[in-house]
Structure formats: C-alpha cells, structure tokens
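Labels A, B, C, D, E, F, G, H, I and J are assigned to the chains in the order they are written; within every chain, residues are numbered from 1.
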Amino acid sequence: MISSRNEVTQMIVSAKVAKGLKWSDIATRIGASKEWTTAACLGQMTFTKQQAEVAGEIFGLSDEAVAWLQIVPYKGSLATAVPTDPLIYRWYEIVNVYGTTIKELIHEEFGDGIMSAIDFSMDIQREADPKGDRVKVLLSGKFLPYKTY
Amino acid sequence: MISSRNEVTQMIVSAKVAKGLKWSDIATRIGASKEWTTAACLGQMTFTKQQAEVAGEIFGLSDEAVAWLQIVPYKGSLATAVPTDPLIYRWYEIVNVYGTTIKELIHEEFGDGIMSAIDFSMDIQREADPKGDRVKVLLSGKFLPYKTY
Amino acid sequence: MISSRNEVTQMIVSAKVAKGLKWSDIATRIGASKEWTTAACLGQMTFTKQQAEVAGEIFGLSDEAVAWLQIVPYKGSLATAVPTDPLIYRWYEIVNVYGTTIKELIHEEFGDGIMSAIDFSMDIQREADPKGDRVKVLLSGKFLPYKTY
Amino acid sequence: MISSRNEVTQMIVSAKVAKGLKWSDIATRIGASKEWTTAACLGQMTFTKQQAEVAGEIFGLSDEAVAWLQIVPYKGSLATAVPTDPLIYRWYEIVNVYGTTIKELIHEEFGDGIMSAIDFSMDIQREADPKGDRVKVLLSGKFLPYKTY
Amino acid sequence: MISSRNEVTQMIVSAKVAKGLKWSDIATRIGASKEWTTAACLGQMTFTKQQAEVAGEIFGLSDEAVAWLQIVPYKGSLATAVPTDPLIYRWYEIVNVYGTTIKELIHEEFGDGIMSAIDFSMDIQREADPKGDRVKVLLSGKFLPYKTY
Amino acid sequence: MISSRNEVTQMIVSAKVAKGLKWSDIATRIGASKEWTTAACLGQMTFTKQQAEVAGEIFGLSDEAVAWLQIVPYKGSLATAVPTDPLIYRWYEIVNVYGTTIKELIHEEFGDGIMSAIDFSMDIQREADPKGDRVKVLLSGKFLPYKTY
Amino acid sequence: MISSRNEVTQMIVSAKVAKGLKWSDIATRIGASKEWTTAACLGQMTFTKQQAEVAGEIFGLSDEAVAWLQIVPYKGSLATAVPTDPLIYRWYEIVNVYGTTIKELIHEEFGDGIMSAIDFSMDIQREADPKGDRVKVLLSGKFLPYKTY
Amino acid sequence: MISSRNEVTQMIVSAKVAKGLKWSDIATRIGASKEWTTAACLGQMTFTKQQAEVAGEIFGLSDEAVAWLQIVPYKGSLATAVPTDPLIYRWYEIVNVYGTTIKELIHEEFGDGIMSAIDFSMDIQREADPKGDRVKVLLSGKFLPYKTY
Amino acid sequence: MISSRNEVTQMIVSAKVAKGLKWSDIATRIGASKEWTTAACLGQMTFTKQQAEVAGEIFGLSDEAVAWLQIVPYKGSLATAVPTDPLIYRWYEIVNVYGTTIKELIHEEFGDGIMSAIDFSMDIQREADPKGDRVKVLLSGKFLPYKTY
Amino acid sequence: MISSRNEVTQMIVSAKVAKGLKWSDIATRIGASKEWTTAACLGQMTFTKQQAEVAGEIFGLSDEAVAWLQIVPYKGSLATAVPTDPLIYRWYEIVNVYGTTIKELIHEEFGDGIMSAIDFSMDIQREADPKGDRVKVLLSGKFLPYKTY
C-alpha cells in the first residue's frame, strides 16, 4: 500500500542508483527536457499516463506506483526553510543577496507583477571557459501583472 | 554619524524616488551592468572609489556616505528567511521546488561541487511573446569542484 | 526624507483615524473596489499617478509621499508567519484546515497548476441571515497550469 | 491497532489512488458537498456513523478504521507553518498580502469581531473565461461580534 | 501623529503608573468588568465612543488618542510565541499539558466544534484557602459546532 | 519492549476507540475527576499503582505498560509551539489576547508571583444557555508569591 | 514619559557604568542578597517602596522611574530563546545536557512535581581551587507536588 | 545493528522500568555519583570499558550495545529549544529570568570569562523544610577566563 | 532497497563501532586525509569508485551501498540550525562571536569576496602544552573575489 | 546616556570609516593581535583600562564610552541564527558539513571533551598560491575533558 508520492520518489531514486542511470537518458525516454523530467522523477511534477508508464518501465515500478505518478504531488523538495546543502544553498544565497535587485529590475521593466514560477522553464548547460567551466542557467517565466479591480 | 551601510541604502532609495531616477540610467553612469549596480546601490556590493563618487553625485550623498559605499557590506537583502513579497517568493519557490533537480543535473554534468554565487553574473531581460511577455534571466556561475585532500 | 513605503502607510492610517474616513468612501474617490483600494492604502498595491494624487488629497500627503505611492512596495502585511490577530488567524486556520482540500479539488477540476494570487480579485459582502449575518467572500483567481517542457 | 486518525487518512488516500476515484463522486455517495467530504476524508472533519460506514465501503476500510472516522480529529493539514506547495502557498500569500485589508473591511462593515471558520462553508467552482478559466471560490462564515462584559 | 493603537497603549500604561491607578477602579468608571476593561486598555478590545471618552479623562489622552481607542486593534499581547513571563507561561503550560485533555472532554460533551474565544468572558477572583490563597478563574465560551454542508 | 510513555498513550487511545469508551466512565472507574484522568491517560500525569492496574484492566494493557503508567512522564501534549487544532488554538488565543490582562489582574490582587499550574485543578462543564450552550471552565491554582531573599 | 520597565533598566545600567558601582555594594544598600538585587535592578523582580527609593538615590532616578520599580515587570532577560552569550549559553547547555537527568533524580527522590522557580533562591560564590578557582552556585527551590483531583 | 547511541538509551530506559531499578542504586554499582550516572545512562556521557560492562549487566545489554556506551555520544537531551516539560522548563525559566544576573555577578567576581559546563559537577539533594521540603542543587564549574592574545 | 545516503552512513557508523575501527586507520586504507575520509564516511563527500570499494571492504557493505557512496550526497550533518552538542556548539560559538571579526579581517586583507568552503581543506592536530594540550586546527580556503560586471 | 555596549560599537565602526583606519594598525596601537583587537572593537571582548583609553583616543570616544569598553559585553555578533552574509555563511557551512567530522576526530585523539572557545586564539593569514591566494586560518583551543564525578 503506497500512501504518498514520496514513497514512489524513493523507489525511483533507489532504482536509479542500482541501475546506474542518467537523468538525461531518462529524459530522452520520457520525451521531455532533462530539467522537467528530473523534477518530475523527484516528486515535483505530474506525469501523463504515457509518461508514467515509460517511467514505470525504466525504474521497474508497480502499477500502483505508476498510478501515483499521475497524481498531483505536494510540492517542495527541501527539508528545511534554509537549505543546508552547499549547492542548493548558493541558490538560496542568490535569492537572499539579489532578491531586492531582481524585484527592482523586473518592476522597472514591467511594472507591478511577478515572474511566474508556474508558466516557467529552466535550462541548465555547461559553459566552457578557459578559467574554469561555468554553469549557465536560463530561466524563463511569464510576467503576470497585478491589475486594479 | 553613519554607523551602518543600511543607512546609506536608505538615503539612496529615498533619493531615487524623490528624483525619479531609473536603475538602468544609474548603471550607465556608474559604468556597470544594471544588475550589479542595483545590487550595489541596495547595499549588497562594494563600490570602488570612483564608482562611489559617481553614486555620491547621482544621489547627493555626503562624503561620509560615499566612504561607506566603499566598505564591504554585511550582505543579505531579505527581512525573513522565507520572503513574503510575491515576486521574491516565486524565486524562493523555484529553489524549493527545483532545488534537488538543480543539484542532480549539475552533479550529473560536473560531478561533486557547486555553482559559485561569487564568481557569478546575472542578466535580466524582457522576452517578447505573443502570449504575454516573459522575464528571461541568464545566470552564470563558475563551477567549483570538491576535491579529495 | 521618506525611505520606505511603510512610512507612507503609517501616514495614511494616521490620517484616516484623525479624519474619521471610511474605506468604501475612499475607494469611491480613488475609483476602484474597496478591496483593492484598502490593500493599496495599506501598502500592498501600486497606485497610478492619478490615483496617488487623489490619495494625496484625501490623506493630506506631501509630494514625496505621493511619489512613493507609485513605487511598487515590498508586499506582505503580517508581522509574524502565523498571525496573532483573531480575525486574520481564522483565515490562516482556513488555509491550514482546508489547505489540502483546496489543493485536491482544484487539481481534480483543472489538473496540475495553481489559482493565481496575482490575476486575482476579492469581493467582501454582508450576507443577511436570520441566525446572524454572515461574511460572504468571493475570490476569483485565474487558473495557471503547469506544463511539460 | 490504529492509534491516530492520520493512519486512516493514509488508507483513504491510498485506496483513492488505487481505485481511481474522484472526490466529487465520493461526495455524492457520502451525501455532502465535495468541499466538506474532501476535508473529512483528509482527516479534518468528523463523520457521522452513517457517513463513516459509506466511506468504509467506498475505501474498503476495517471496522476499527470506520470507528476512527467518527472520532473528532486533531485538525491542521499542513506540515509547516508556511506551506511549501505552490497552490496552497498562493492562499497563504492571499492571507499575508490581504490580511490587514480583510480585517479593515470586515470591521468597517460589522464592527469588532471575526468571520467564523467553524460556522463556515466553502464552494469551489470553475469560472469559464475566454482569457483562461478561473477558480471561483465562495467563502461564507458567520460574523461573531466581540461584546463588552 | 499617532499611527498605531500600540502607541495609545503605551500612553495608558505610562499614565496608570504615574497616577497610581488600579484596574478595578478604572473598570468601575468605564462601566465594564475589570477583565474586559484591562484587556481593552492594553490594546486588545475596542471602546465605544462613550467608553473612550471616559478613558481619555482617566488617562489624560488627546482627542486623537481617544479616536484610536474606538478603532478595532490588531490583537495579540505577547512578544513571543511562547511567553517568557512566568505568570503568563503557566497559562501557556496549562494549554500545553492539558490541551489534548480539554479537546477530548469538550468533544465528549458537545461533539465536534470549539469553545469560542470571541463570545467569551473571563472572571478572575481570589479564593481564600488556609493552605494559601488561590487564583480562581471562570472562563465561559459559547460552544460552536462544526456542521456538515 | 516499551521505551516511552508515548507508546502506552497510543495503546490507550487505540483501545478507547476500539472499545467505544467514554472518559467520564473511565474516570469513575479510576476514581478521579474526568479532567485529571483524561490528562493522565493522555500521558501527562502519573498513576498510582492501584490506578495503573485499573487502567490496565480497562484498556487491556500488558504488565510492562502498567509499569510505565507509574513512571513520571515527559509532559507537553502539543506537537507545535502554536497548536494547529482550532479548539486548542482558541485556548492559545485566549492566552495571547488576554495574557497581559491576566498578569495585570493577578498582580493587582496578589502582588508579584504566579498562579500555580502544578497545585492546580480544572473543571469543565456544560452551561445551558438559550442562545446556545456554553463551555464553562473553572480553573483553580494556588498563588505563589515571589519573595526578596 | 516612561512606558516600560525596560526603560528604567537601561537608566540603571547606564548609571551603574557611569558611576562605577558594584552589584554587591548596591545590594548592601538595598538590603537584600546580591542575586535578588541584581535581578531586580535588571528588571526581573519588583521593588518595595522603600527599596525603590534607595535604588532611586543610588542611580539618580526620577520619581516616575522609582514608581516603575514597584510595578511587577514582564520577566525574561534573554533576547533569543537560545542565548548567544557564552557565559549564559553554558547554563542553557547544562539544562540541555542534564535536563532529563535533573528530571529523573528529582522524581526519584520526590515523586511527580517540580522544583519551584518562584519560591526559589540562588547563591553564587567563588570556590578557591589550586587547579583554578571555581564558580559555586547553590540553588534552592521548594518542591511542589502534582496531586490527583 | 545499532546505529546510534539513542537506541541504547531506549534499551536502558526500557530495562529500568521493566526491572523497577533506581538511579541511585545503579550509580552505586557503576561507582560514580547519581548525577553523572543518570546523565551517562540517558546518553549524555561516555562510559569507560569497565563502567560499560557493569551497565551491560545491570540492563541486560548486548556486546554491541556495551560497545556503543564507550563511544562519545552526540549530546543534548531536549527535543525542543524551549523544553515543554514543567520540571525542566522551570530550569529554563531560571536561565531566562536570572541569565543576565548570573552573568553580571560572575563577571563582577571573576572578570570576563565563563563558568565551565565541562569541568563541572552537580549535586541534587533533598533539603528538609517545615514549610515543605526543598530541592537543593549545588553546581560547581571551573572559571575559565578570556585572555588577550 | 537503499533510498538515501543516510542509510549507508548508518551502516558505516554501526560497523565502525562493532569492529572497533579508528578513523585515522580507515583514512590510511582509503588513501586520503583523516579529515576528508571521516567527512566522506559520515555522508558529506563523494567517493571515487576505487575509494568506495575499499570502504565497502572495510565496513562490509553491499554492492548497492558501495554504489551509493559514489553518488553526491545531500550535505549538512547537523540536526538543528544551532547544534546542541557541546563540542560542535563551541565551533558555532566561534562563528557567532568572531563572525564579524573574520569578515572584517579577510576583507581588510583581500577586499570583497569570501573564503571558499569548497576549495577548502582542514587539518586537526594535537598541540602539546604543559598547561594542558590544545586542539590545533588549520583551515585553508581559496579566496574568491566578487567582481563588478 | 549610553545604555549598551552596542552603542559604543556603532561609534567605533562609524569613526573607523570616517577616519579610514585599518584594523591591523589599530591592533598595533592597542598592543594585541589583530584578531582579538577587532573582536574587542566589535563588542565581543573586554578592554583593560589602558586598552580602553588608547581605543578612546583612536576613535575619539567620550569618557562614558571608554568606561563601557571595560564592561564585559553580551557576546554574539550575528543578527540571525544562520548568518546571511556569504563570507560568514561559509564558516557556518564548514561547521554544518564538517561538524560531526570535527567531533569524531577530536574525540578519537583526546577522548570525550571539547575544544575551548574561551582559552582560544585565532590567526588569519594570506597564503600565496599561484592558483589564487588562500585564506589560512589557525585556530588553537585548549582541550577540556569531561570527567566522571
């Protein structure tokens, strides 16, 4: 009996290590970007029936687990409000140090509103650099304006 | 008597509203990107002597305030660990929902290490889109590997 | 020298008590709903130039304060993550008790996504009832779907 | 041996996914609104004996589990004071951004008191809109006045 | 310029010490119980016009302060979620130690619902006892049932 | 092997639901008030040998569990500093809204000191009322004075 | 206008440094132990009229400040739940490391109940020791038993 | 397989209740004070090989558990920063109310430094008193001075 | 099925106690410093294939566990933001007391930037001292400068 | 009137920026290491009379401020439990990632006890490195053993 998506995420993570799979290959088989696919496998996105069945084959999941992949999960992947892992913390630090800057510049360009985290995509790439390669990330989110009513 | 950079930030913010200035124009005069300049004006970065003097002219600051702009500030622009402002929260949400995904994909490409938030740059642009314009953000951070010692 | 929208909010709140004004009358003069107008006066929304000037007349604000009303504010009206005021707490309690229910029913009807708090409106009315009048609140938020990318 | 309502909620959630049921159909069989029924199934409301027996049939529960459904639960459905799930967070954000506004307008109309979260009902509907369908929520709570004593 | 009820509370507290007044005498003049009156003077309840004017005379308040007493305050008298003052902490401890007991016994007698903290009164008395006098407190709150809808 | 009182509390709660018992009946058999008995069964008070044996019979506990009932428990019945359950929250709210009031009035009557939460008793009763029955609670705690030393 | 005991504490602390006084001398003049006197001067205890007047002379306080010393203060001397100062932290650490030990041993000797922090005294002395002098602290608190009711 | 000292503590606590042992008797057999022995059994101190073997006999522990008793534990016995148990809370309250007093008096006698919580001992005794017996606690900690370097 | 690195850490810790191993010997066999090796075994660093296989032999791990050692872990070894263990707390205290000092001196020498915690090494040694041996720790982290862009 | 050391720290910080001083030069004049001197100037250490007078001359302080420098301060230099500033956070991260490692290695070498943060010194140096200069920090703290008593 599976009673939360989290249990399915643990099965997936466990199978991925045991089988030595890569996220980019999994994404190709699922037929979506590596960013969306990884987030979905880690319990943050909802699979279609077809995607779930492919995932079921890749990770060797039961029918019940495949059904859970199609249920909208309770999102949020961090165990603490301030993440302890150094890689994820650096992103939290960017939000903390640049938060008011991002706010000012988006408002200056677009007026009052937000950059959507729902109508959103992310692309993570290696950027070759002689002084040391860089992580290049492209975020794209629809601007949603506040309106007077 | 000024006893913290925060007081200078308040002077700058106050002058900016009173004079109706734009961050992009201020950046042109300072001679740096609008992202770095805004962060610096909001108390997150350190000005060179020359930059500080230009800022002093733009915002009408005293010599003491100009001296403070050249002192490394205590960084962090958020009043609470989880930001309440909707625009900034969406960025926190991205870190929360995609945090483990970002971690997995950077490690898959680069191995163990982090994406630097120090050797780092950010570029925020409007992306025209017939279904509603988008905020396009390019982040670039040097990959720093953990090493065995 | 005004260095935050919060100072302007305090001027408005102070003037409202001193002059004995009502939010619904203020809204009529501003030309927007009482819900939007109150939120704007309490520092959560951005005024247009025209709205700000009317507000300036109503509350007797300086030109500097009127300029601040047109600056996008740092939003969030609560002093603590869990509000202590009984009226506002009841709303927090609704989110706590019904949170997973709201999530299930919106997902059942719309699939994965959210109800926008930006493309959003609220209408608060008295509902006469012989067993004691009721507060009737209508919330309307655009559904924003998550998409695979 | 079942020692908390939470265990029964997990059985229900698990059975719902395994059987592919919908909350609106479950509500019809229970004989109550979909909002109340979902909250009850998720461990926030108390079933009558008759309702509990119907729920027991729907989800295939043991007699002990059916007995637990008739026990008043310890309420509160969120794992953290500030919810991490984007859909539920948007509701928290509404309370945070509009909290003081809601307080002002209810007091302006009714005087000191609260909108009850106990003598309360909620109705969630799809609102068709050519610019994108909307979630329309109607909340109704009895006004309870503070009195001098 | 007064911008919050808290400032008026400070004036009242300050005047009470300077004039050496007692809450029970103040209550007699206000014409309400000592419990309600003290809570009102400490910024937790709303005065009628007449009550506010009497309070204004007692404490020597300005017209603006008297106007503020008639505005519904943002309630909550504690600086921290867990109170540090030993007397108030003992009450928090009662809620912590007996919380689930109170819940069980009210539900056993009344079914699902709450004891109102709004339609509520409190009476604090000295109870003479040869082994040491006791504080006797009578709380009375309307029972408000949850209903199926 | 039982390693905490909490495990015994779970056995008791489980048995109570399975057997359909009432706290008032249990209290009669234990020979104490329903308030003390419920608190004791919920792991907040210490049973005498005799009381523990009666409890063992009522709930069908093992000798080891009966031994644990006679061990002083680690007290505190709430999972979070601010309780999420609406019934218990209302008590927290009373402490929050009336905390400084209670402090003022006890000090006015007794001087500096506290109302004991140890030499303490509580009595919860139904109070019939044509406008809706009320929960009437009588608290009695010994006054303990601070002394100069 | 003084509106809290905290303001008087600041006056006392300020005067003590300016005049170069010692707590033990102050205690002699007040006529109480150095422990009680220091706690009282730091805003944790209530002065009698006579003690307050002596304190007024020692620290050069106004009549209003002297009146405040006779008002029961809101107690608690730490700015954070976990103290940051190393000396005070060591005491917090003792409670954290030995907390369950203290609980076990007092219960073993006295049964269920507490060691009072109200009917309590403390004595801090230097204990000469060839390996380095020690701080010797004697705490004495009345045992208060829980009783069945 | 035992993977933390905490598991051994649970075995000890469980055996102590099942066998009806007393801490003072256990201490005599271990050959140390009852305060050190209890803290050690509750997972806060490290046993020598000989002490561990005696403890193993007393509580009927496996060789693996006896080995764990000789491993330095992760210390800290409280589940929350502010303890909920009334007996332990009273100690936290003493630190909170008297914290700054203790700091002042130790500094007045010894200068800047701390009272060690490592080179530390505690002795808990019953103090007979006609007005009710008292808990008398003697704490002794080496003074460790801060030095200029 | 192993679903987190944490499970492997528990196996290692358990085996180390059962086999009576020392970290310095383990490090010699792994072929790295005792500091890196201990951190890696405690789940904070990533093993190479060869190192993981040696670790597998030392601790008697399954192939699946050995595979997990080569997966980048979610880092952070503390259960609470402020550590309760006295040894680790002293390090937290050093950061708290000397934090601003470290910041000032690194900035004075290097300008704005940070000392890396990634390109970082640590060496812990015993320093013989007639007044009591000392723990000598050498930290070395690359300086990473902030740059204008 | 100065009522806390914090006010003196602000005067010092303000004077340092206005006069363009360096910590290493200040330390030379004070006659102590740059690490101790900076910590002392930032309100974490206690000055002797002579040191305080030199500091008074350097920063142009009043006699009252000089007296405050000789009073033991309430220590702790961070505004939040988890520091937001990137440079200081990296140190917090070292404690978080390496905390259990440091604990294991010190215990392996010395047995149970701690590394003192009081009998402690720190030395921060630039370490030239062709791949980028490094920050080299030497920490030395006396080992303090726990003893059985």
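FYI, a residue touches a chain if its C-beta (ideal position, glycine included) is under 8 Å from a C-beta of that chain, and two chains touch if they have at least 3 such contacts.
Protein names from UniProt, one per chain: A, B, C, D, E, F, G, H, I, J = Cyanate hydratase.
The model shown is predicted, which means the values in this text are computed figures rather than measured ones.
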item	value
Chain pair, G-J or G-I, that carries the greater number of C-beta contacts	G-J
Between chain F (Cyanate hydratase) and its twin chain I (Cyanate hydratase), rotation from the CA superposition, multiple of 5 degrees	145
Identified repeat of the C-D interface (over half of residue pairs identical), from A-J, H-I or G-H	G-H
Gap in Å, rounded to a whole number, between the CA centres of chain G (Cyanate hydratase) and chain B (Cyanate hydratase)	46
Inter-chain centre distance, chain D (Cyanate hydratase) versus chain J (Cyanate hydratase) - centres from mean C-alpha coordinates, in Å	53
Gap in Å, rounded to a whole number, between the CA centres of chain E (Cyanate hydratase) and chain D (Cyanate hydratase)	31
Shared-contact residues (touching 2 or more other chains) in chain G (Cyanate hydratase)	35, 74-76, 78, 81-82, 84-86, 93, 96-97, 100, 103, 107, 113-114, 116-118, 144
Set of all touching chain pairs, with the criterion as stated earlier	A-B, A-C, A-D, A-I, A-J, B-C, B-D, B-I, B-J, C-D, C-E, C-F, D-E, D-F, E-F, E-G, E-H, F-G, F-H, G-H, G-I, G-J, H-I, H-J, I-J
Residues of chain D (Cyanate hydratase) that touch chain E (Cyanate hydratase) when the two form their complex	32-33, 35-36, 45-46, 48, 51, 72, 74, 100, 103, 107, 111-114, 116, 118-119, 121, 144-149
Residues of chain A (Cyanate hydratase) touching chain B (Cyanate hydratase) in the complex	22-24, 34-35, 38-39, 42, 44, 75-78, 81-83, 85-88, 90-110, 113-117, 120, 122, 124, 126-127, 129, 131-144
Touching residues on chain F (Cyanate hydratase), where the partner in the complex is chain C (Cyanate hydratase)	82, 84, 86, 89, 93, 96-97
Chain E (Cyanate hydratase)-touching residues of chain G (Cyanate hydratase), taken from the complex the two chains share	1-4, 64, 67-68, 71, 74-76, 78, 81, 117-118
Residues of chain G (Cyanate hydratase) defined as touching chain J (Cyanate hydratase) within the complex	10-11, 13-14, 17-18, 20, 80, 82, 84-86
